[in-house]
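First the structure, which I've put down as structure tokens, then a few questions once you've had a look.
By written order: A, B, C and D. Residues from 1 in each chain.
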Amino acid sequence: MTEPSAAHLSCHPFDDDKLHEECGVFGIYGHSEAAALAALGLHALQHRGQEAAGIVSHDGKHFHSHKAMGKVGDNFSTEEVIKSLKGSAALGHNRYATTGGTVLRNVQPIFADLANGGLAVAHNGNLTNASTLHRRLVQEGSIFQSTMDTEVIIHLVANSKKTRIVDCLIDAMSKITGAYSLVSLTSKKLIGMRDPFGVRPLVLGKLENAYILTSESCALDIIGAEFIRDVSPGEVVVVDDSGISSHFPFSAPPKRFCVFEHIYFSRPDSVVEGRSVYDVRKAIGSQLALENPVEADLVIPVPDSGTPAAIGYAEQSGIPFDLGIIRNHYVGRTFIEPTDQIRHLGVKLKHNANRALINGKRVILVDDSIVRGTTSTKIVQMVREAGATEVHMRIASPPTTHSCFYGVDTPSRAKLLAAQYELKEMCAFIGADSLNFISLDGLYKAMGEEGRNAKQPQYCDACFTGDYPIELVDNDTGMDKELTLLAERY
Amino acid sequence: MTEPSAAHLSCHPFDDDKLHEECGVFGIYGHSEAAALAALGLHALQHRGQEAAGIVSHDGKHFHSHKAMGKVGDNFSTEEVIKSLKGSAALGHNRYATTGGTVLRNVQPIFADLANGGLAVAHNGNLTNASTLHRRLVQEGSIFQSTMDTEVIIHLVANSKKTRIVDCLIDAMSKITGAYSLVSLTSKKLIGMRDPFGVRPLVLGKLENAYILTSESCALDIIGAEFIRDVSPGEVVVVDDSGISSHFPFSAPPKRFCVFEHIYFSRPDSVVEGRSVYDVRKAIGSQLALENPVEADLVIPVPDSGTPAAIGYAEQSGIPFDLGIIRNHYVGRTFIEPTDQIRHLGVKLKHNANRALINGKRVILVDDSIVRGTTSTKIVQMVREAGATEVHMRIASPPTTHSCFYGVDTPSRAKLLAAQYELKEMCAFIGADSLNFISLDGLYKAMGEEGRNAKQPQYCDACFTGDYPIELVDNDTGMDKELTLLAERY
Amino acid sequence: MTEPSAAHLSCHPFDDDKLHEECGVFGIYGHSEAAALAALGLHALQHRGQEAAGIVSHDGKHFHSHKAMGKVGDNFSTEEVIKSLKGSAALGHNRYATTGGTVLRNVQPIFADLANGGLAVAHNGNLTNASTLHRRLVQEGSIFQSTMDTEVIIHLVANSKKTRIVDCLIDAMSKITGAYSLVSLTSKKLIGMRDPFGVRPLVLGKLENAYILTSESCALDIIGAEFIRDVSPGEVVVVDDSGISSHFPFSAPPKRFCVFEHIYFSRPDSVVEGRSVYDVRKAIGSQLALENPVEADLVIPVPDSGTPAAIGYAEQSGIPFDLGIIRNHYVGRTFIEPTDQIRHLGVKLKHNANRALINGKRVILVDDSIVRGTTSTKIVQMVREAGATEVHMRIASPPTTHSCFYGVDTPSRAKLLAAQYELKEMCAFIGADSLNFISLDGLYKAMGEEGRNAKQPQYCDACFTGDYPIELVDNDTGMDKELTLLAERY
Amino acid sequence: MTEPSAAHLSCHPFDDDKLHEECGVFGIYGHSEAAALAALGLHALQHRGQEAAGIVSHDGKHFHSHKAMGKVGDNFSTEEVIKSLKGSAALGHNRYATTGGTVLRNVQPIFADLANGGLAVAHNGNLTNASTLHRRLVQEGSIFQSTMDTEVIIHLVANSKKTRIVDCLIDAMSKITGAYSLVSLTSKKLIGMRDPFGVRPLVLGKLENAYILTSESCALDIIGAEFIRDVSPGEVVVVDDSGISSHFPFSAPPKRFCVFEHIYFSRPDSVVEGRSVYDVRKAIGSQLALENPVEADLVIPVPDSGTPAAIGYAEQSGIPFDLGIIRNHYVGRTFIEPTDQIRHLGVKLKHNANRALINGKRVILVDDSIVRGTTSTKIVQMVREAGATEVHMRIASPPTTHSCFYGVDTPSRAKLLAAQYELKEMCAFIGADSLNFISLDGLYKAMGEEGRNAKQPQYCDACFTGDYPIELVDNDTGMDKELTLLAERY
């Protein structure tokens, strides 16, 4: 993904100035329509990854697989594809690739024939010692077919001396560090695993007699399945013909769920780790209004992610909520690289100001976050050009100052606006009359806490604080670029 | 397009229970980046037609053309395509096809080599005497290459005895009846024409020295062009190297602009016929709250078209506005035909209820219209299943009781819910606790009138009243199916 | 088609230094598998045109059509396509396009809805007054959808005042000049027409109760159909449910069948105008040996078109026939434009010398014709490099000195080697030790005549003599480039 | 590949009743246009495999790869592809897949990142202990990405404890049995290896300063490269910046080159193991005429593989050689499954009898081999229907009675005509008046031997004798189906 620049016009959703979740997973065991349900589940999780999707199924005898670049609806909507994915167990994956070179062999679930049978794995998260493990495995004779950290896990399983596949998986789990929610499918079991800190989400659901392991509750809603519970940090859930069993192979540190799932990643209709995402976002907006009031005529959301916080802000402040920015929902490819002639026109592919509404008004813009500041700058300018007399920007998260190493695509620190500038400078950069972020304690309050427990933070908030709960092995040893380099080698 | 049924799951935007505008047009004359700007303009008009798009350009010597099934962003975003569309004049068209058999030869603009040079035509609207004219032309030796009514116009131009192309076009205009906003490109001119009643929109804009004729002002905004004025009903606007000139070849009846453009078709950030679409929709919501109040906890829009009216309703009623229904924006293809197993699960591809919000609440749902009632039924049921204790439906338009013959795809009357049932029956059909539509006079009030002038209605509101301002020639003579049958012949 | 040059390596069959037939046609009436048989017939006629193919069928009520760029086997081999072409009558066409800009709308059969019903036309040949007629028709209001001369015929039919379609076709026939074998399909008839001179071939066959009109007898053989007779020059054959009838609407000049059909165009297993193509070619080789003997060790055909003549030459001369040049049958696309590095290597994509055979031998190469001389030059050089001590080239046709205007793609005279050079110079150009062509009289003898009747030649041999039997209307009036220019206009 | 049957009409070259070579390889080291030359070399080797092709290149730093289903000319002819394959070393492979399930991951060269660097391998041949090795490797933790025996070699290399890549390859070579000509590319070397019996061909060539390792000399001819020598059985040839070196790591058994390369697989313009293929085939035809004379009017080759032997037969017998069967060179896809209606017509997609020539004649048909007898049966019938009064079939190889396990796709013995029937029955089966095969000793004589040395045969002729020189490990242990089953598992 290149960063948004004057060099191209884009209406691609990933060219937003947003952080991007890297994946969504959906596994189901025990339903005659397993693959169709997996396709629907992945469709509900499309916001977690749109560059590629894959489903592996098992029919009692054989595995079947279909993977494709692009969205679920474009690749898994034909009868031909769904019928080819036979069986009552299926495992699906949506991928958002952090590198430009997404290729089909990097699409998950990945599958391998091991000595004790076939194994398919779908992974949400990021290992922090993948390169270190990769180098060691290659030296011992392993041959890799992809540059995904997920394949490291498969090789660890293949090289485990244990007999039962669950034990092999736990063996592998003992060697990896990082954030992961992992779902595996064997010829007889569906197995879910969550890292000991529980950074990435994973929920358990039920539909008739089938069990489901998936990233968010909205993937249960789409097929009318029942939400049972979140999988616990460090838990290994095994689903097979005899039902469900749980393992906790490691002593568990206190939970550190990713706070950004609440701020932006998860769908507003999902309930994650016990809280309604929509409620949290409205509460953040409300808290933001308490912390940073300003006199104005209108509260305007930056669509669509800023909308719940804007509603909360408007309710708290008593200033009317209005749609002052209209989003063109026909997002798609990057448009042609324009000539200078066109570039200076200030083309508005994704958003358009509602000039008739805004003209002559003092407006408060509410957005969920600022990453590099490029989009905010454009939006403030667009709103001014539409006649706003004052533009006040309010952000529903603290300043994003650090990169994520746990499965979220973040620009390097050098590109994070808040890592480079003070508040005033940021305000000047985006051209607003005022700029405020919710405070870190305010954020925790909106999530029902009394505030952030500095000694033992209730969430992973490393992107705001640099407080990384899980060791960054590759990064600390300078190995972190190894897989990336490998990806470029061929 | 088949009608939504239990037979398939669809997240296709056209499988909504909505009326569909048939087209958007964008012509530009006098800009070195004409084709790129046309592509951007069509992108902004994508909501008016998504099945196909085409652009014809002229470079002073030759015409160039590119047409494709699918969306603008998918087909006009490469440098290769845009570079192939050379020249400083370009004409583009988005198509929504009313019949299943959309094929490339039916994609506009259509082009013909006439005795006095090449002519490209892009058309928004529908002729009411196309079949009658088609039969006559064929009898006189014309050979048609498509089944579009637009081609009738081209043949009338080809057979005109006039010398100047503008006169040939006016000649053709004198023979056709119906609603149309037509933009033509010749080797020397860009010509816009609007039917005498001005049913379909057409606006004039300017960018640097270039003039633009397009369907909505939002297509000017996207490229930073200036809105000049609406083209008048019955007006012929000619743009060439010497500037702009206007012709009014026919005596004009009172204007009858399509009221549904305000209710649903146009983008909320467009200003059509002098009014902000967003303002009108909020005013409708407000009027709806005045006419049909009800005690409740939440006002919930049916996204996205019901949102402005819902904001208006909430403001007027003082009941909080909240996002109780979340839309999955990754709309796309029709999904696989599901088995009975899946169908009875009540899959929710496009919308999901925000259960955490709705549960235990009395809710008011606000939608823009009800056509067949299929979507409303599903949404009411979904909201109830999410725990709403009462569901009150409020509709931001009067009951849709008649088909449109002026360029909007409407089901036959037999399928229009309001043509078949009384209000109470409709309420029962969709399963709501109460159902109300805005009154016809209320609608006119929201648009700034004192009410509907029954003797001389200010708008075309035939879909609500059956009062058709333009003669339905083919329909009255039973010829209306001729072109349709022809389309099926090969 | 660009001419073969150092600029690219090509193994495309059309990059041969050969003249190219422009089309093959196949119509069948009265068989339940009409479309499948048409596809097979077109496959047998693939040598007459490989750039595009189309089939139109009629099922008693509707016409059905499928056209595609590329070969028959690539586009008409699926059940889906064949099943879509319903009905017991079908008309197919293979196209070789003379201009680079082959596009789908130029693929035949072309179809039009006329006042008296649908009409599909497939055409082999070339009208010599197409541009003149085209201009007149456009002035009278006709709109063309292609730049093919065939469409002129359709418009003449559409504008005919006659009632019966056969009469309309004869009406059109009375206005066109040129060489043509035309097959038309209406909802009730299959109609074949051959120009009065009978320049291009057309044969009548029978399979069970079905009649077939096609270009060559090999298209009858492939489906086991019986050859009945050649359609006569100037004949109109009408096949319908009541059987076959013939019309001769015009007084017939003496026949002038294209002599090049015998030399190169037709398949060696076809019998055309009463003679076996293979026999004629062997007889030409034999005559060539009589006229131009030379002492040598081997007779080597330039594969594959020179093979029958080489066998005849070898038999007559008593010198052994051997495969000294091996052809790579995996012909296909033009290869990448090579760098100078590669070009000077003398890459041999299509042919390779059989060095082990040739080395140290005196060889006679037999080829069917020389057009520009480019291929001959390469082949002589290749054979010398493989060790041949002497290379004698013998050509199975007289020198090609004039362009064809009757449906064969010929380079302009300026590019014809024999139009520019004397025999000796040609021999030097291609680098052979000796070069000889068969004499004009020798050619006629090989076809069973006593010699060429100069006053009334028995064949059209304009490419060797410049004696054009049919008036070149467009060419004489300078109109001949009009349609070509039009094709470039958009 | 399904076997030819009444169930479909096919003009696919692989639906011939022929044995099929499984691969062609081409490696080049030290030329700035390495990839382009590899593409041309593979084009010349297209007859050895047409289902897929791949090229891997190395540019001093990175490997580059492009693989595709289909022919070389269709996938490696664009500048974009060739330019992407940077570097002065390249390795290419043509694949003919023995199983229906050819998929892209099974296309060679296969590539792996090993501890000591990248390794690409292209393989012609077949390992006879691949399944046995595969099972052992998986048990030890290797993860396979394909079902090709070639990948076994890569894993053996990865698991070798040696340091230098050449030693690792020799280590692997010591563990595999079977027939193979293998070319490997590392970041610094091009390495060729031939199995100790030298069953499959491999030649060394030179172009300027670059060395080439490829399957046949015709791949040298196409780019004007010089033939140096055959690689010896058991030889390991290493090409790097310091030139060429040879290793013979194992004691060598007497050579057993595949005799069928001379009969059918190799191109007639290749020189293999010191003999001209064309000369050998003519000598076979001559010997066949000596052994099995018959009175007749014409000698007719079954095109194209029977042609050289037919020329030899004709020369020896004094009976004229003539083209009595014409082949349609536009071979391609399998045609539609015809209805019974069409099937009984006896459609002749690939061949047509030259009726004018054959009618009333006694003919000798010469073909290279009979596998299942299906094609021969059709051809004899076709020739009879064209009027031949006698049909004598002569076959340029001994009866094919055994399957090949060394890299040639053979039907199971149960489907080999000669394994089921005596000569007389075979003659009756194909419907000929007489049938003869060349004798085994006659075949050896045609290749310059005095006869077959039964104690130590000079060639591998297992397909005629069942005398398998290399142990069939998997077959003997019943493991031979393991990889095939695996291929079906997902």
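Here is the rule we use: contacts are C-beta pairs under 8 Å (C-beta built on N, C-alpha and C of every residue); 3 or more make two chains touch, one makes a residue touch a chain.
As the structure is a computational prediction, the values presented were derived from the model and not from experiment.
Touch-path distance (fewest steps) from chain B to chain D is 2. A separation of 62 Å divides the Cα centre of chain A from that of chain C.
Separating the centre of chain A from that of chain B, both taken as means of CA atoms, is a distance of 36 Å.
Chain C has its Cα centroid 51 Å from the Cα centroid of chain B. Residue positions of chain A in touch with at least two other chains are not found. Chains touching one another form the pairs A-B, A-D, B-C, C-D. Touching chain B in their complex are the following residues of chain A: 9, 11, 32-33, 36-37, 39-40, 43-44, 46-47, 50, 71-74, 76-79, 81-82, 207, 218, 221-224, 267-269, 271, 276, 278-279, 304, 307-308, 311, 315, 320-323, 326, 328-339, 341-342, 345-349, 352-357.
Contacts from chain C toward chain B in the complex involve residues 62-65, 105, 111-115, 118, 138-139, 141-145, 154-155, 158-159, 486, 488-490.
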